[in-house]
Amino acid sequence: MPDTPPPATTADAPAPLRYAFFGPVGTFSEAALRTVVPDAPAEAMASVDATIEAVRTGRADVGCVPIENSVEGGVPATLDGLAAGEPLVVVAEVVLRVSFVLAVRPGTALADVRTVSTHSHAYAQVRRWLHAQVPGAAYVPATSTAAAAEALALELSDGVPAGFDAAICAPFAAQRFGLDVLAERIEDREGAQTRFVLLSRPGTGPAPAPTGDDKTSLVVFLREERPGALVEALEQFVTRGINLTRIESRPAGDALGRYCFSIDCDGHVGDARVGEALMGLHRVCEQVRFVGSYPRSDGGHAAPGNGPSAEAFAAAQAWLDRVRAGAAG
Amino acid sequence: MPDTPPPATTADAPAPLRYAFFGPVGTFSEAALRTVVPDAPAEAMASVDATIEAVRTGRADVGCVPIENSVEGGVPATLDGLAAGEPLVVVAEVVLRVSFVLAVRPGTALADVRTVSTHSHAYAQVRRWLHAQVPGAAYVPATSTAAAAEALALELSDGVPAGFDAAICAPFAAQRFGLDVLAERIEDREGAQTRFVLLSRPGTGPAPAPTGDDKTSLVVFLREERPGALVEALEQFVTRGINLTRIESRPAGDALGRYCFSIDCDGHVGDARVGEALMGLHRVCEQVRFVGSYPRSDGGHAAPGNGPSAEAFAAAQAWLDRVRAGAAG
Amino acid sequence: MPDTPPPATTADAPAPLRYAFFGPVGTFSEAALRTVVPDAPAEAMASVDATIEAVRTGRADVGCVPIENSVEGGVPATLDGLAAGEPLVVVAEVVLRVSFVLAVRPGTALADVRTVSTHSHAYAQVRRWLHAQVPGAAYVPATSTAAAAEALALELSDGVPAGFDAAICAPFAAQRFGLDVLAERIEDREGAQTRFVLLSRPGTGPAPAPTGDDKTSLVVFLREERPGALVEALEQFVTRGINLTRIESRPAGDALGRYCFSIDCDGHVGDARVGEALMGLHRVCEQVRFVGSYPRSDGGHAAPGNGPSAEAFAAAQAWLDRVRAGAAG
Amino acid sequence: MPDTPPPATTADAPAPLRYAFFGPVGTFSEAALRTVVPDAPAEAMASVDATIEAVRTGRADVGCVPIENSVEGGVPATLDGLAAGEPLVVVAEVVLRVSFVLAVRPGTALADVRTVSTHSHAYAQVRRWLHAQVPGAAYVPATSTAAAAEALALELSDGVPAGFDAAICAPFAAQRFGLDVLAERIEDREGAQTRFVLLSRPGTGPAPAPTGDDKTSLVVFLREERPGALVEALEQFVTRGINLTRIESRPAGDALGRYCFSIDCDGHVGDARVGEALMGLHRVCEQVRFVGSYPRSDGGHAAPGNGPSAEAFAAAQAWLDRVRAGAAG
């Protein structure tokens, strides 16, 4: 994860960029955004759709939303938001470990916890821990993990009763709302990760420059349903030795059986190999949406790749130039 | 959709098959199941996971769950339930048009409707219609479309107040709970479909026999991350002229970047071409799960296919047999 | 076949181009060359090797040799001459129908023919006709069809006895040596064709410009022996929708089992699709030799091609340029 | 090379097999045949065509002809003989190092050699050695290397003057005709090899059984001219991890531009992977000719192959059988 803001956010534009994220305040989406811009003002939006819409309409310049989770898979609202409507581009990605804490108002001890609140998804991920550590605790549903934390904080500040003793939320939310953490890493299954993307309108700032370790996101609509149409498209990557890091089908229309493909691959649109593959897709597919090239921040590294090196691409171009100029080839 | 029960359910087994579905009573899942077994006793389960678990443990012999929706995409719980755990097979598929009605207790007129209740997903799909036809109506969330309908029915039978005037639910639910329908097809976007599958333990009944228009479901785990690993697997279908009707990646593990692929293709495991493709996948993939061959019921038909015909497969086998026997080839 | 000389031969160079051909005078190779430059001085060389060598050393600027025959297949000396040694490029191709005549000194009648002479290959191709039309004639071998014709002509001019009554040769040779033709099209199997190429040193004249119906010749050395190495190379053509018109393996080294491939494909090196394919080959192969792009003259036309059009290539490049410039893609 | 006769020749048939080879006596073809059947009577035929015809008509049961040379490439007559006409199968292959000796009548010393005779191809391969070791020697053409050796032998036995002092021939020929060898390995370029095949009518004897290191020969006619038709055919090998050891295009018809492909691959028709690939070719090609499976004797070994092992093929078949029987897959 970059410790400086990504290129799109450092443009020496007269006005500072405005940020939005999938709220409420204290969610993992805000935590992800804060790893990039720790202090910039940012608006919490009610949903992924609303966050995307805020960027489209210009209410925000950059929006932060989750795109996939290592347990749940892709986030449909984000994938579909990128596949249709006015074009948006990913300008950065952030990967966060999904970890929960048991947060309480200062002064509450574990023995005092009779009721806990959180979003039902989060509840499902800590059930075993709760059963072992807070056996009798009742569960109070909340609309988000952050909302549960905020309710405790409001009880503290405004005296409004939260209706429960503890919140299960992100460490970030506990810290943001001034809560005490009674236990951390309470998730039953360790190691889950969520990947977030920062979205922007094309041209809002300079596109992220190649860093040598980048990813490119695309949405691809096949031209027809037939054996081999998908392979023909994917062959465009294989032929150039480009590794796919994610491929996900999404419904493309109202009827079953029509799909588009949300694809991430290694490399930057400015790279010769990626440029060639994109042109190849453009030729054989119904439609290709370029959804951005940005520095890789998912903790992995570009697959070693048994494909040709960047030098081989440059050498091939130089050779072709010589041949076209009439030299011996 | 078959108007007779599928093979798995017609075995002249001594004991009748027991059914389960993703409940509650009156949901689309029950409606789907009823197209296959109109009258058999069937248990409503609390979730997709619970339905799948009921089949695995033997509490039910056949379970009916949604697997994909033409707007929302794949149903993660179903896809993941088929990809891991004790093996299950699909023995039939049912495709339903997703359509909503405005249901009320007998006697209620449209002008009387001040409050409506339904699941939030359904509410999102009829919002424009409501705004136009029942402008001032307040929305009361429900845990499912069927639960809203049932609440109205309970008010009718037991006098327990539902807390709202109308339910937005499936036509099937209105009928099941004895409600009046004030308006039908009220969804804002027409034509959405959901595909359901009937799951069984392998060997519970006879597997569905080839009908000439079948589908086969698989889960495929690639051996390694490299350019071309997915293409190499898909090539197994292309080489035999087999059309894919669905491909969906799902997370395969705790970390990002590892996927398995849920795949439906044309044809039956008993077909030469499908058998060969399955063997090819078995050889080049880390793991292949066979998830069933069953009659196609999705309203489509097998893609015309520019691949070789079944006759060409039979002719090739006969030719090979002759050559192996020492005849001229 | 162009009725004007190809570009390489029309350069307004101070010195006229010098030509060579696989002799002797009157062979099909000279006939092929004469369709391009009817009157230019041209030297007959003793062999294909000698013709190629004459171009390499600069003794000639353009050499004409046969490259393949529709019955015999590729001409090894030509294929190997292009695959190794100092680079040469094809600047034009000529396809001739292989047809033979029975040529005699003026005054000789068919009834007078007791002995016929020609090259043994040609003799094999007219045997049935001879048996039927000149039943008792004895056969006298000659080193080439043209040599047989020339011997008759020498008897005429210098009184040196040829030692036979008739020659079986190309119509061109009969005409060139002032002989009478007693019968034409005497070949037993009609329709055979030979394809000739005009070779030049790269840069000798301007390379042939794209005409919209061109061919490109290559020699490709694979990097390794393994399943798929050849397919990986050929995939570079398929991915860009380029049709191969000829592919021929040739030994590449002293031991068996190592081959290089002599390939002709549709299109011109200046075309986007061909340029991309050449770069792709350059990246995945041990070595690629560009052997020229030149107007198609083989009577065929570019395969309709289910690949993308030239417009699609241009559109893809324009789209990539826009995307790289930061516009919406 | 097997030191026991190949299966086809060891059948306990009542009548012994009759052999033919591309003659005359003493050629490399006879030498190749003798490595398999040292003593069996064998007839020298005048040409490759005549040898093949002798097998077709039943005059011989097994014929030995050259099929490719590491310098000259494929032998057209053999390739075309296998591609058309009544089917024949290869039952064994023999690879010989092409090496020449300078052979003389007993008593002739190197200093006495004033004239040498051999076939023009052989002469071309020893020219440098002759120039260095027998500087002034004149060259007398012969119709074959063996014919030159035989002429010397006849001078010895019958007193018929050969017309030259020394023959350049195979070591085998010198030995066969009782000549002295003044020098061996006199070829200018070392290491050239010729591969010979033993041909039979299908069913003449038992086909060679799998040995674990076999080759299979095919002739493949593509269905149509289009980008990818050849790749589609070759993909049938790649998908099953089968290495090609030779691929050679040959004209298939009277006009240019139509080819068939003579292909050798690793493996035996009885192997699962080869059987599957052959069936795949049969389905996608206009025509496939099976030209035999036989033990590999070319000094190489099957390419390590990154394809699945024979065990993986067996495991895949067993898995499919289980799945088809209704077990969990």
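We call the chains A, B, C and D, going by the order they appear; numbering starts again at 1 in every chain.
Keep in mind that, in the parts below, a residue touches a chain if its C-beta (ideal position, glycine included) is under 8 Å from a C-beta of that chain, and two chains touch if they have at least 3 such contacts.
Every value quoted in this text rests on a predicted model; they were computed, and no experiment measured them.
Student: How many steps does it take, at the fewest, to get from subunit A to subunit D if each step moves to a chain that touches the one before?
Tutor: The fewest touching-chain steps linking subunit A to subunit D number 2.
Student: Calculate how many whole Å lie between the centre of subunit C and the centre of subunit D, each centre taken as the average of the chain's C-alpha atoms.
Tutor: Inter-chain centre distance comes to 29 Å.
Student: How far is the middle of subunit B from the middle of subunit C, if each middle is the mean of its Cα atoms, in Å?
Tutor: Measuring from centre to centre gives 62 Å for this pair.
Student: Mind pulling the subunit B residues that touch 2 or more other chains?
Tutor: Residues 235, 241.
Student: Chain pairs that touch, all of them, please.
Tutor: Every pair of chains in contact is listed here: A-B, A-C, B-D, C-D.
Student: Can you name the residues of subunit D that touch subunit B in the complex?
Tutor: Interface residues on subunit D, with respect to subunit B: 86-87, 89, 202-203, 206-207, 235-236, 239-241, 269-270, 275-276, 278-280, 282-284, 288-291, 308, 312-313, 315-317, 319-320, 323-324, 326-329.
Student: Once bound in the complex, which stretches of subunit B touch subunit A?
Tutor: Where subunit B meets subunit A, its residues are 68-74, 76, 95, 189-193, 195, 225-228, 230-231, 234-235, 237-238, 241-251, 253-257, 259, 298, 300, 303, 305-307.
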